[in-house]
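Before anything else, here is the set of structures, which you'll find just below.
Below are two complexes that have subunit A in common, paired first with subunit B and then with subunit C.
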Partner chain A sequence: MNGAQAAGDVWDRNDLKLDGGRVIDRRVYRSKDIYQAELAQLFTKTWQWVGHESEVPAFGDYLTVQLAGRPIIVARGEEGRLRAFYNSCTHRGAMLATAAKGNCGGSFTCMYHAWSFDTAGKLESVPKAEAYGAELKKACYDSPAVRLDTFCGNIFVNIDGKAPPLDEFLGASKQHITEATEGQEVLGRVRWKLEGNWKLWHDNFRDNYHPMFTHQVLTFLYQGVEIKGENHDLGGGHSYMKFPPQGSGDSYAKFVQRLTGRAYAGAPAMGTPDKQAYHVIMAVFPNLDIQFGGGNGSPYSSYSVLEVVRPISVSEAIIEIVAFGHVGEPEAVRQERLESLLSIQTSSGKVSADDTEAARRCTIGLGASEAMRWSNMGRGQAPGMSGAKNDEYSLRGFYSEYKKYMGDILRSENN
Partner chain B sequence: MKKVLLCRVGELTEGEVRQVSAPGFEEDFAVYMMDGQYFASDDLCTHGMVSLSAGEIVDGQIFCPLHDGAFDIRTGKATVLPCRIALKIYAVSVEDGNVFGLVPQD
Partner chain C sequence: MIEVTDRSAIEPQARADAASEAAITRLIQRAARFSDEQRYVEWMDLFTDDCRHALITRENHREQGLYNYVDKGRLALQERVAYLLGVWHTPRGKTTHVVSVLDIEPAVEGAGARVVSNFIIARAAPAEDSKLYASGQYIDHVVCDGERWLIKERTAIIDSSFLPADFADLV
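Coming up: the complex of A and B.
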């Protein structure tokens, strides 16, 4: 042979299988069966971030979300309590609320036959109910409750009534969720559709090998600079990356000026000086990411942003970016922060647009999975759960936890 | 303040409620006669999309014909669930045999 091996020889090797998550079978991004198993075993059994208390401060405030195809309402009741229930009329199934968020005035009235439900999903009133005679047992027509709990103002729901409590699920990620969101409120959300499997987006968040190559806006900061920072698998599928601002803010300012035609003064500082001294990208299993930190002059100056990615099919997902700001901060600071965030981290942002394109190219490229079955996630070979910033402890931590939820289907798909 | 002609004295009998579609106003009004006095409110129930004037007056309250919630006709306060949000009520003046509602202008 002349050194060129058939693709099968190179890739289809037993020692590259899902052992310890150092490689991942590319069918996890493409198989409809695996996707169905994700809905049934992962998205309906894990705690899912759905919003922040600051988005629903008053009685009757609500937000809606779809998890694994299940429409859910989160609403605040008269006594201030938050509850979740299915966004589906118990009569014929129509959605009770269609807006992403709003105020229901205390009742959700179905547009179809005007059955009316309170903020706990309890059936309050049925128009022309006398036609049912004594047959209609109203209590049987309450919309079933969905488990809800909050941590540091963040609202999570879990479709599985038997899953471990939120506190236990969040584990070591709690400390960092607190760092990211304490004393803050949500300023708004941006959503867009990803033409790709949801894990491509989530993998990207745990991957700090790509930024210096993928994002032109950042390459300026990395030229000839030693890469500093840490990458930790926190257990439970959660992870934490921390790194100081790199390079010079001047090169970033120049880049922005070239792009926008106006001078860039840098985003305002926020948080403690310690917090401004580094950036954190953390991931909460299975589909939530939070970035915070900042440093003067850096493209990531002083922000907290949360991202959640939810699949709508094996090859499509909705990405939602949620912007945070400090409670009581001056309006001008807030505007500056939002502008900075929008220019970096949303659908058309200088960073997110690159990531969207990378996911699109992967989606098309993964069409060759039969010939190239495995994706390598082996950066950082030292034992343990922590390594350098651009190691892949975080990614391996994700897939190791993922395997626990997915179980047999990965093994059977693997043979 | 704008004066809206709601009805003429003698048109409503005791315990009656009627819908009034007044020129220049997008939303309809409801006019009530109760204990020999006239009252006025918005006609649209604050809970659902239904005319309160199709409902019934019981014990000083107007009961919504759709979900059986109710409001106090004198104060507008929601008295029976699922009604929770107060109904807008209007002062009434009777002049020369005409019943007027007094509608504040924004």
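Coming up: the complex of A and C.
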């Protein structure tokens, strides 16, 4: 940004609009029309992470999910194959399964009139079918298949039959999804509400500028140290940030002592600095984030969690975190992971709860005035796709891909 | 992990004595009150030095046991209290716990008693009306240090399938 500019000019500069990639039009967080277009053009045309193979290992195991308001079942068939189809009875529409996951015993029988479907959504039986005479052609009543593909055990579906294949869609993110999830299995999920537009959560995952200010339990890491780390736009809307733990525990101890009025002699729970250790925060377009770490050889340094944010309205979303552990790890390591992996995560976590609060405040603040039209995402001025930890190549990469899916609606002045 | 419904190891007629029951009930209620009055340091003092304070959803409790968090020992509790007192530079919303003690039984392992109680917590966010914050069950292991009853282990099991946007207050 040009420092010589008059204050206020930035809000009016056309060349800084979404197309210019350095500021983002705040209507994307508030406009109901843009939100409807996101459902139609983004959530139904991109590959959506819905689960992991370890969650549905056996014949009849299934998961349910709603994408852009469309209920979908992912089920494993007798021959081991995973398939997805709409969670809607072809008779009169009742959902075939309501649990988040389970085992269907080989078929889904509708609770309403007991039409029964196999694990591929094919209509198997209709009770008392005689009354339909010859009119009922069973093959016309299969629940339509939804495209499904897997990468490194991760299950993705895509409602759009014409979208490019998963492999192509994931592009440069594949290497990092492999690092994060290869040889791992799911330990559980936790969901919480976001009182804000879904993109605020996703933006937050591409923003490494805020942690040293927002997260008081982390600020000790940044006091008086040189900030190290990388920020990459991977193309295709995906991004990657990598940084080492840094700083010392002394200022953390002071923080705890000051606030509680009691001496504190513990080691910081939020990470003992280690030269080899690193953290990665990766974002996969449009609504998947993966955090993982490794490097110092300790079983606990090698962790992985994944988050999906799914909108329920323009100003509300559900975030789901999925915790991973290494297949076959020792029982003590597994138990420690179950107890500690989410301690800073979710809306009860000492880091993540701060992020949900930031999103809530942004949501109210973003409605202040049409005169405040742009949000700045301009950190890191060097050309190219990579910069330092606190730069925003990651964010700009998301919005340039977003623009491709959303098209003309972002140019309309009336949303 | 102590199973909610597994009472097989407990003698049916085994009971804590009446005086202990009253003291234990007071301890559980005091933990709720200190939390609601944001007297977090005093709340922390109701726990033993080697305490365990955990939060888990009903779904994960039933399945693989993935915790939202487990604070192990007083130092970890102190960190939680520091967080509650320091975060966001703004006052926290006022909570109201309604806790009903359901059962006090001698602990299956070791000394003390196992206490099962239900809770409902409402919260009034600043400038908002009160909303239901959480409902669920505490499974506590309480011990007597000779003078006072203290909480050695608390697991709060949350019933809802998704959590409120800010779930950082004490459950």
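By our rule, the second predicted complex is superposed on the first by the 361 of 415 C-alpha atoms of A that agree within 3 Å, B and C clash if a C-alpha of one lies under 4 Å from a C-alpha of the other, contacts with A are read in each partner's own complex, and residues count from 1 in each chain.
Following the convention adopted for this analysis, a contact is a pair of C-beta atoms (placed from the backbone, for glycine too) under 8 Å apart; a residue touches a chain by one contact, two chains touch by 3 or more.
The shown structure was predicted, so the numbers you read here are calculated from the model rather than taken from an experiment.
**Student:** Output check: A:T356 vs subunit B and subunit C. Expected answer is one of first, second, both, neither. What do you get?
**Tutor:** Second partner only, subunit C.
**Student:** When the two structures are laid over each other on chain A, which of subunit B and subunit C touches more residues of subunit A?
**Tutor:** C
**Student:** Determine, under the contact definition given at the top, whether A:R262 touches first (subunit B), second (subunit C), both, or neither.
**Tutor:** Second partner only, subunit C.
**Student:** One more residue to check, A:G188. First (subunit B), second (subunit C), both or neither?
**Tutor:** A:G188 sits against subunit C, while subunit B stays out of touch.
**Student:** Looking at the overlay, what does A:E124 touch: subunit B (first), subunit C (second), both, or neither?
**Tutor:** first
**Student:** For A:A75, using the defined touch cut-off, is the partner it touches subunit B, subunit C, both, or neither? Pick first, second, both or neither.
**Tutor:** Touch status of A:A75: no partner.
**Student:** Using the superposition on A, tell me which residues of subunit A are in contact with subunit B and, in the other complex, with subunit C.
**Tutor:** No residue of subunit A touches both subunit B and subunit C.
**Student:** Any idea which subunit C residues touch subunit A in the complex?
**Tutor:** These residues of subunit C touch subunit A: 40-41, 44, 54-55, 57, 59-60, 63-70, 72, 75-76, 78-83, 85-88, 161-168, 171.
**Student:** Inside the complex, what are the residues of subunit B that reach subunit A?
**Tutor:** Those in contact with subunit A are residues 46-49, 66-69, 81-82, 84-85.
**Student:** What residues of subunit A sit close enough to touch subunit C in their complex?
**Tutor:** 100, 187-195, 216-217, 255-256, 259-262, 264-266, 269, 318, 323, 335, 338-343, 346-350, 353-354, 356-357, 359-360
**Student:** So in the complex, which bits of subunit A are touching subunit B?
**Tutor:** It is residues 105-107, 109, 114, 116, 118, 124-125, 127 of subunit A that touch subunit B.
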